[in-house]
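As structure tokens, here come the structures.
Both of the next two complexes hold subunit A, though its partner changes from subunit B to subunit C.
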Partner chain A sequence: MDNFIFFLTSGLCIGAVYALIALGYTLVYGIIKLINFAHGEFYMVGAYAGFGIYLVLPSGTPAIFAIPLIIISSGIAGIIIAVLTEQIAYKPIRKSGRLAALLTAIGVSFLLQNLASFINKANPLQYSSDKVGSIGEICQRSVSIGGGGIKIIQFVYIPVTLALTLILWYIVMKTNFGRAMRAVSQDPDAAALMGINIDSVIRKTFLLGGLMAGIAGALIGFHSVIEPMMGFMPGLKAFIAAVVGGIGSIPGAVLGGLIIGIVENMVLFCNVPSGYKDVAAFVVLILVLLVRPQGILGRNTREKV
Partner chain B sequence: MSWYELHSALGNIGIFAILALSLNVICGMTGLLQLGQAGFFAIGAYAAGLTSIYLTFPELGVLNFAISAAAAIIAAGIFSIILGIPCLRLKGDYLAITTLGFGEITRLVLVNLQFPGGKMYPGEKIGGATGIKFTEFPGDLWPAYPNYSAEFASLWFTWMLVIITCILLINIKKSSFGRAMMCIREDEIAAQAMGINISKYKMMAFLLSACIAGFAGALFFHKELAIAPGKFNLICSIEILLMIVLGGLGSFSGALTGAVVLGITPYILRHVEICGYRLGEYQQLMYAVLLIILIRLAPNGIFGMNEIPRWWKSSVISRRSPADGK
Partner chain C sequence: MFLEVKELSVSYGAVDALENVSLHINEGEIVALLGANGAGKSSMLDAISRIVPAKSGRIIFNGADITKEKPENVVRKGIAHCPEGRKIFFDLTVLENLQLGAYTVKDPDAVLVNLEKIFTYFPVLKDRRKQKGGTLSGGEQQMLAVGRSLMSSPKLLLLDEPSLGLAPKLIDQIFEIIRKINFLEKVTVFLIEQNANEALLHADRAYVLENGRISIISDNAEELLKNPHIIRAYLGG
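Moving on to the complex of A and B:
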């Protein structure tokens, strides 16, 4: 039973990161109906950017300044890569149909992965924890909860996710830009007729998604290895989380992320070999799609002729 | 390029051509995006491999290949039915992501699964991340036996099967089954209104596609004689998809062309050096750039949906039948 609490906490923490990535997926999918496969790579770029800032910072910087600085600069890197991707790769093919967009997204994803391994030569990076009091060492500190060690830094994940979700919810529900976003997601042509600049709305949507993915990358980078392929599996799971929660719904993405994170850890709790951990998310996806194809909190849309 | 390398390359291209043809049935003709074809490929390869390891009888000779190929086709078919019945109700992107999930699950399960060794590896476990391997049986039981396998995955045999599959599928395209599939691709509701049983035809297309992919898996096993789950990853599925996008979704001769072009490219790149960089090492980088550029410049591929390219038709055939030259 002690173990249960450990796996639950651990699942909530990793679920918070999935939720952050899933928010980006759900926003982009809601607006242009594109599964942005490159979203996991925005997360990878964020992790690399955070590590770059860490290398640049003087070694004596107190962690209380350094950690927020790394998180913010990762968010900015995420924004830059997301907006660039949208402008260079997605914008020109927006009119050529869903399949073309999906294949381009897969292409961009592979391109970013391979560029990263070309630059980094696929050497995994990690915050060094050799000196007491350095950022790396603080990130590696752990507390014992329910029979297992959980890194202290992981407890930052949930407040960060909550804060960002609330900000996002405020932007989407309460501001003029949010109203424009919702209008474009309902009917782009009608929104354009109402004087909404669709290109600008899509660009800003990618900006928000990139910001969250970049921050998620920085958070994961603190305590695990940073490598070119790191974005693939979390990206896939976050998309699954967005679908499970109901795509296009902000609370749904957070709920989905937490569900995937917890289920994944519960599989370990039930003594299933850890190799099958990644299978759990896909099984949840297939089960949810069978019972409720629109997702847990998604709205049902009827098909019209 | 050595003779051995060329031989191996042409064999692989043939196998991937069959895979491209199989994916074209479901993606190109029926319009259902399938991102997990490597899963059926893997299932076929493992079924053929395990059948060969457990049930090989020297006195049967050629039939051994037939048995393992049949096992591969049946296994892929069974899994396609298990996956298809619940998942074919999903549409568009959801189906894509579910099949992608299926492909990844297959790979992850194969990485973790252990099989009993059978009579080839008595008392041992095979499988896992290192995969399965066909070697000589222990003792002097059947000396020089593994050669039989390579014989049946030889070049002429593979390419003969490629041609047979291609002709078979082009004929299916012309049949009522093919027309029903293409009708579903164009408009599901209209197809339903014309009395086409959508679920039935989708399932049939899915089954046909999976069985051919499973068969390609069997050929792959008998060519390589050693397979590991790492080979059947998402990149493999995407590579197959790229082949049919290059050739033109919906065109079988296009799929064949795409497979040959994309299959030969890495072997040519391997021998090209620019400023000291060997291009062969950046094959995946090039695939990614190629995919993005291709979609931008030629979203319909080389052949479009036609078996004979339109430019060829308009210059040669339409002179004879002007009514056809739309």
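Moving on to the complex of A and C:
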């Protein structure tokens, strides 16, 4: 029982990152009903971009300055890749049906993974922790909580996710743009009659999703290896989190992310071999879909024709 | 001429909805476009507000060719379209629906002025402003749809079947308000109706659309009420 607090904390931290990625899935789905399978790759690109900034920073840059800079750069990279993907790959086929869009998303996912392998020769990258006070070393430092070590950088995850979720919530619920987003989500034709530029709303939605995925990439990159396939599993789990929480729902995405993070850590707590950890998310998905197909906070709306 | 539609054709794939249709609307008028289900009435309004492309022909509003304009620019130029089936945003509150109607209005004070005006025309919307649009009754939804269109301070209001699914008493009420808005706010109205009787009572002029073509043009809408063809086809005579 000693380890319970450790696994719970660990689960909440990683869950916050899943939530950040899941928000992008849920936003994009809400607007254009597309499961953007390339979303995990936006996260991967964010991690690489952050590392790239780290490489060009003068070696003595204090971490307190470098870490926010890396997070912001990753967010910007996430925005750029997300908006480019939307403009180049999704926009031209927007009227070709949902299956075409879904297949394109999978194609973009493979393309970005392979592009990253091509550029970086598939070498895993990691923030160097050789020197005391370097970013890598600081991010690897850990504190003991409930019988296990938690890296201090992980404590940044929850406040970052919380802050971004609140900002997002404010944008969607309180601003003109947010109202336009919700209008487009419900009825694009009626939204167009209001004078809303649908293309612009979709572009900005990808921008928000890309921003959060990019930042999530920076956060994980700080203490983990950065490699071309790194977006696959977290992307999949975040997608599951969005579905579990109720796809299209912002609080649902956060709740789903936290649930997936906690459950997979509870599996470890119960002494299940760590190889089975990744199965936990799928089990949760199946259970939730059996009991509540629309997701925990999702609304039971039938497709209107 | 305020609005001029010249030889407009609209088609959906192989199906022609409108063929070489020409009509015009003068400033300050209420003009009705009548026709049976599927005659192409809604296509006409959809083409004017640019949510459906014109195959050929031209649409000129206030001297400017809007045939290739984007829908949001048509709204900015002063055309508001209150669509068939109302299309209000069910999950948004009444107030949010109205605010969306003023999406192209950048001045927040102007939005507030418009909002107060709408609330005087439709007091029920003020009472229900915090309710979700989907919780309103049919008549209230129609009022919300009309109110929402007026939030952009349009010069021309396109109304698609305002009487659809409403009780006769409510239909009278809606038409009275439309007349008031036309007179007091100087909004030109182009409305399409299956309920020919009601539309002709309130319109200045009327067109009748049959199978995608204009079959009757009348400069005196009330006169049409006595037209034997109209009585037979649309008034159940």
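Here is the rule we go by: the second predicted complex is superposed on the first by the 302 of 305 C-alpha atoms of A that agree within 3 Å, B and C clash if a C-alpha of one lies under 4 Å from a C-alpha of the other, contacts with A are read in each partner's own complex, and residues count from 1 in each chain.
To be clear about the criterion, a contact is a pair of C-beta atoms (placed from the backbone, for glycine too) under 8 Å apart; a residue touches a chain by one contact, two chains touch by 3 or more.
Because the structure is a prediction, the values reported are computed rather than measured.
With subunit A as the common reference, the superposed partners subunit B and subunit C fit together side by side.
Draw one line from the C-alpha centre of subunit A to that of subunit B and another to that of subunit C; the angle between them is 90°, to the nearest 10. Legend: residue contacts after superposition of the two complexes on their common chain; A:Arg98 is shown touching subunit B, with no touch to subunit C. Contacts of A:Ser134 after superposition on the shared chain: neither subunit B nor subunit C is touched.
In the superposed model, A:Asn114 makes contact with subunit B only, not with subunit C. Legend: residue contacts after superposition of the two complexes on their common chain; A:Gly195 is shown touching subunit C, with no touch to subunit B. With both structures placed on the common chain, the touch criterion links A:Leu285 to subunit B but leaves subunit C unconnected.
Of the two partner chains placed by superposition, only subunit C is touched by A:Gln186; subunit B is not.
By the touch criterion stated above, A:Thr85 is placed in contact with neither subunit B nor subunit C. Subunit A has more of its residues touched by B than by the other of subunit B and subunit C. When the two structures are aligned on the shared chain, A:Leu236 is found in touch with subunit B, with no touch to subunit C. Legend: residue contacts after superposition of the two complexes on their common chain; A:Gly275 is shown touching subunit B, with no touch to subunit C.
Subunit B and subunit C never share a C-alpha pair closer than 13 Å once the two structures are laid over each other.
Contacts of subunit A with subunit B, set against its contacts with subunit C after fitting on chain A, share not one residue.
By the touch rule above, subunit C contacts subunit A in their complex via residues 49, 51, 70-72, 75-76, 80-81, 83, 87-92, 96, 99-101, 103-104, 148, 152. The residues of subunit B lying in touch with subunit A in their complex are 33, 86-87, 89-90, 92-94, 96-98, 100-102, 104-105, 108-109, 111-112, 189, 235, 238, 241, 245, 249, 282, 284-285, 287-289, 291-292, 295-296, 299. On the subunit A side of its complex with subunit C, the touching residues are 176, 179-180, 182-183, 186-187, 189-197. Chain contact summary for the complex, subunit A toward subunit B: residues 33, 35, 89, 92-93, 96-100, 102-104, 106-111, 114-115, 118, 236, 239-240, 243, 273, 275-276, 278-279, 281-283, 285-286, 289-290, 293, 303, 305.
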